[in-house]
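Listed below are the structures to be examined.
Consider the two complexes below, in which chain A is the common component and chain B and chain C are the respective partners.
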Partner chain A sequence: MPHQLRLIRNDVAPAPTFQTGWVPTVRILKMEPKYFQAFIESLDKFGRVYAPVRRNGVLTWDTPERFEEIVLGGEHTMIPVKKLFHPMRFDMFRFDDSGFTPDYSSSEKRVIVGVPPCEIHSLLRLDEVFMERPVDPYYAQQRRDSAIIGYSCLPGENCFCRSTGTDIVEEGFDLFFVNLGEFYLVWVGSSLGHDMVLVHEDFFDDSVSHDDIKKYIAWRKKRDGMFKKSFDFRSMPDLMELSYESPIWEGFAERCLSCGQCTMVCPTCNCYNVVDVLDISSATSGRRERHWDSCMFVDYSLVAGGHNFRGARAERLKLWYTHKLRAYASEYGKPACIGCGRCVEACPVDINVLTVAEALVTMEVPAR
Partner chain B sequence: MIATESVENPFQPEPARIVRQYDLIKDHRFFQIRHLDMSRAMSFTYNPGQFLMLSIPGVGEAPFSISSTPSRPGIIELGIRRTGRLTDALFRKRDNDIVFIRGPYGNGFKIDQMRGKDILIVAGGLGVIPLRSILYYVLDNRDQFGRLYFMYGARSPEEMLFKTEFFQLREREDIECLYTVDRASEGWTGEVGVVTKLFKYLPDIDPEGVNAVVCGPPVMYKFVIKELLKLKIPKNQIQMTLERRMKCGVGKCGHCVLDHLYTCIDGPVFTYWDTLHFRELI
Partner chain C sequence: MSGTKTTTSGGESKGRERPRLGIYGLTGCAGDQLLLIHTEDHLLDIFEAFDVRSFVMASSNPVEEELDVAIVEGSVSTEEQREHLLEIRKRAKILVAAGNCATAGGVQAMYAKDGSFAERMRRVYGDDVKFVTEPIEGSPLDEFVTVDYYLPGCPISQSQVLALLSRLLHGEQPEPYPHPVCHECKLRENRCLLLDKKFCLGPVTLGGCGAACPSNGVGCTGCWGPNPDGNFEEHFKLLQSFGMSKDEIIRRVRNYGGHKILQYIKDLE
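And then the complex of A and B:
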């Protein structure tokens, strides 16, 4: 969460055609818990509300029917919030004999409530890819149409966002709620966020006392002490580079099932495939779809004629971890891992950022 | 939260007409295409070494090297091997049929660093298709470059692409053409063996004054680069154009990633110096 008043970047999109409304944080407000529900319920004026809700036993980003359905403050959704911006499947174009017509119908005005700090970071990382020129118009529109209401959390069993420096956000939200029990501290991160506050100005109190600040500091101390998982993130780029030829990759590859679950649950995985699908009764009209793809799949780097640039599982594992722990840093300044621990939960054979990081240090593949 | 301003869709395929097409050899066809929109066709330009994404609605989209040179505007030439679903469908197209293209994409060859230098073009098999672009670019701007050596290796004389064209080039005084085949057949008087066997015919060169461009099957690079290094050509003056799976052409879909680079926007042309840093390149 925000640790101080900071200037917030207002140019998340490198392309000049897009301007975000993220402005310098004007102030930090206070809100009593009794207003929270009414405030969240008032947000539907700004778009359809999405939040973590349980569907078929799985916590997922969806539209709550009632406020009580919303699960806030710690538990991760299985699939990260990226699915609302980079959907698992959508139509890019309609096509027929005359050509391709873009289909932007999947975008809608939304207010996404309860986004944890790590996932706000993940969206900023995805911005680096999709908002880089040429801007991806599908992602950009979803991003433009969505308000982000961040919400503080306490670390779960497998969280290690403190190690990756993503436990605090300074930008990328319209409002951010820190739940201190007795009251909320609310960071206003954009002009739109301020508009939301104005709807129920009476809910908010702008006098934050010295005592309140002390409570906030105590809460942060408590939270920082709750992390059970950590690793030396900073040394990873060097270790990845030095271990490029290490036998640990073969060791992990023997175990890996190439199921791709790590990539599906990873908040910063952006790879996709494009497929044309003909309408059922037509030989000429249909839609061009975009689907999530995974670099763990054997055909990820397969080209026509049958040459596979990453036919070996070890090469594909190495690619993913290079991207998460090193390569992305060379391009954008930070590795792509945001420390959410979803790969720890998803991998059926215990290959994840923590076990790989451990192996990079010990040079041995950890026993299961 | 972001000002509502429309943005161009970089994935939008544009209609283009097949002006002419004919078989080069079995399963390898030459296509001349032109944007349907005439002003687009006339203003369309690119760098040698860039590529296009070509679509057939309902079948899919894939990257193809541009084989023509921007010094001859108005028409785009592609050399395509039939090797999958999309190319099967493309080979069923006839003159005047419509396909869809977008691009050009990628960096192209580093022409600026090649100007004033001797140029050594080394092609293996299908690799000659993108290199044909730079070959004709150099020939069309002949006074901007030094000596020109063109090495091309094919499996057999029958499998040489652009054979008539390339044999005609041998008549020219301002280019040294060196051809070889893995398996000779009757009437072949040239070299037999892999493309590296042609290096012995090169005259003495000043390695600092040479720029080499290479394209061929993945296995070829290692051997050709060894020869180029033996000649002491600086590593950043050896350019290679690479093939990878691509779904977007604009650095979004991830497939062509090499370390932190994307073949589609940071390549497809890389220097040998680049490959020393990015180990998956070749």
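And then the complex of A and C:
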């Protein structure tokens, strides 16, 4: 959804210019729904197709066996799309006497279909972390190798992306499909997206009328009215600053199970641990493994010499929320929460961005 | 272990002193020893890198002398085992407790220290029974000796065993893994059972099993022993809110919690 439409949501600050290879939107096309399946099926020319599919009853990013498996337009995956760029666990390299050999085998050409606006934002936030110098070569490779096909959605029970300004996207996609029922509006966001369109140019109609745009605006208004959750996001950095010594953190700490689920389901959490796995057969060879870590775990801030900066649960919680709602914003200009509501759904004891935000305002930990 | 004693790859190690390893079992199902012999892809490397002096599953001709590393499975359940353990400790530079029975006491320690041991013995075996060796209430190794490293699990994890052995072999420091089962459970993209108000001990149990039970829809039974960072008080409250009694929760955490769970529940019972 392009910059032309900022006039509708001009309360959202424009994204800082960021070079990831996306080109400014130049084209909006129209597609009849009858072509959608054939078009998606044609994308395997550009790489292996990934999409939200149900596995063991849980929606996840995986390779669909059939088009019908793909779930689009509302329900989000439990684990966000970050797992395709920042894998849960992989070998970075093997090492021996002569040096090290990087292992980029986990990267492949991919087309990721059905990425909702908030998750496109999450990838742009992760770019700020992983693509800044020094560039993370594993992430960068996966990012270069992946096409993003965005897809519009309607808010679920716990979505509050309108509060975080992540309900629309202006960059970060190759194609973006807005499902208006009787037709799709398709934004072309990159030259790769343009190439994809060219494969089946007959599916697309570039005469988007004023009426079509009016239908889109009406759809946007309808969607905006569907959000059930919201919070005053812009006051969070100041409230966090003022609440650093607040007793609410101890209150949340008494309840927190330190299970780490919030961090693993969060689309912008990106902490990992690096472990050298030594070979039994040789004193000098082995492999370096990288896997997701969580600041909710007790050894996260443990350093050499045995000192733990955040041994206490309250300190760990405070770190996470400070990072999400204040520190990230001061470093990158935007907070790290993209309003997807996954933490709301994942936490067994109701500690999430919304309850913490409420407590920051009322100075009381909300009842479970 | 000192660097000079460390073996290196292939032929280089021949003729050099390899660390001496002994693997022993006390009271348990022998599943941890079985896991060691089932390390298939790595078994030859282990036997190449270590001088395996005693391992009943590999050889019936043990050499019981000084050891660099002793791995002991099982709980101490008889006087004879206690003496055997003390004797292993004396000749081993490093002692590793392997598996839930050795680290916590195992299921045989589910009533640990509740004072009912003598009565339970009497009910099962009757009065006036002559034992070959005096029974002891099932206990983890560290009730009697100093344990240098713990490999929790039921059974232990192959990757954790290999990580420990390779670190010891190459003079590197093994690291603890104090994460709850939930870490691996989420990486396996399981829906949290607690959200559906189902019993699960994941948050208060040490990880390493790969979330074996929750991945099959069964709540964690706590067989890797307590996660020292677990928020037991809050987790018990959560389970009680599902309609379980506190007594039932305590009974369940004691199943595998053995001696090690006692410090975490002493103020909660």
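Operating definition for what follows: the second predicted complex is superposed on the first by the 339 of 368 C-alpha atoms of A that agree within 3 Å, B and C clash if a C-alpha of one lies under 4 Å from a C-alpha of the other, contacts with A are read in each partner's own complex, and residues count from 1 in each chain.
Just so we're on the same page, contacts are C-beta pairs under 8 Å (C-beta built on N, C-alpha and C of every residue); 3 or more make two chains touch, one makes a residue touch a chain.
Everything numeric here is computed off the predicted structure, so don't read it as measured data.
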item	value
Which superposed partner A:303 touches (first chain B, second chain C, both, neither)	first
First, second, both or neither for A:143, with chain B first and chain C second	first
Partner contacting more residues of chain A (chain B vs chain C)	B
Chain B versus chain C as contact partner of A:55, first or second or both or neither	second
Which of chain B and chain C A:260 touches, first, second, both or neither	second
Which superposed partner A:284 touches (first chain B, second chain C, both, neither)	both
First (chain B), second (chain C), both or neither touched by A:79	second
Contacts of A:365 with chain B and chain C, given as first, second, both or neither	neither
Contact residues of chain A, present in both the chain B and the chain C interface	275, 278, 283-284, 286
Residue ranges of chain C touching chain A (in the complex, touch as defined)	6-10, 42, 45-46, 48-49, 162-163, 165-167, 169-170, 172, 175-176, 178-180, 182-183, 186-187, 189-192, 194-195, 202-204, 228-231, 233-235, 238
Residues of chain B defined as touching chain A within the complex	1-5, 7-13, 15, 55, 57-62, 81, 83-84, 86-87, 100, 217-218, 243-245, 247-248, 250-255, 257, 259-261, 279-280
For the chain A and chain C complex, residues of the former touching the latter	55-58, 60, 78-79, 88-89, 254-261, 264-265, 275, 277-286, 291-292, 294, 297-299, 313, 345-346, 348-349
Chain B contact footprint on chain A (complex, rising order)	13, 15, 17-22, 92-93, 95-97, 99-100, 102, 129-130, 132, 134-137, 140, 143-147, 174, 190, 192, 244, 270-276, 278, 283-284, 286, 288, 293, 295, 300-305, 307, 309, 315, 319, 322-323, 327-331
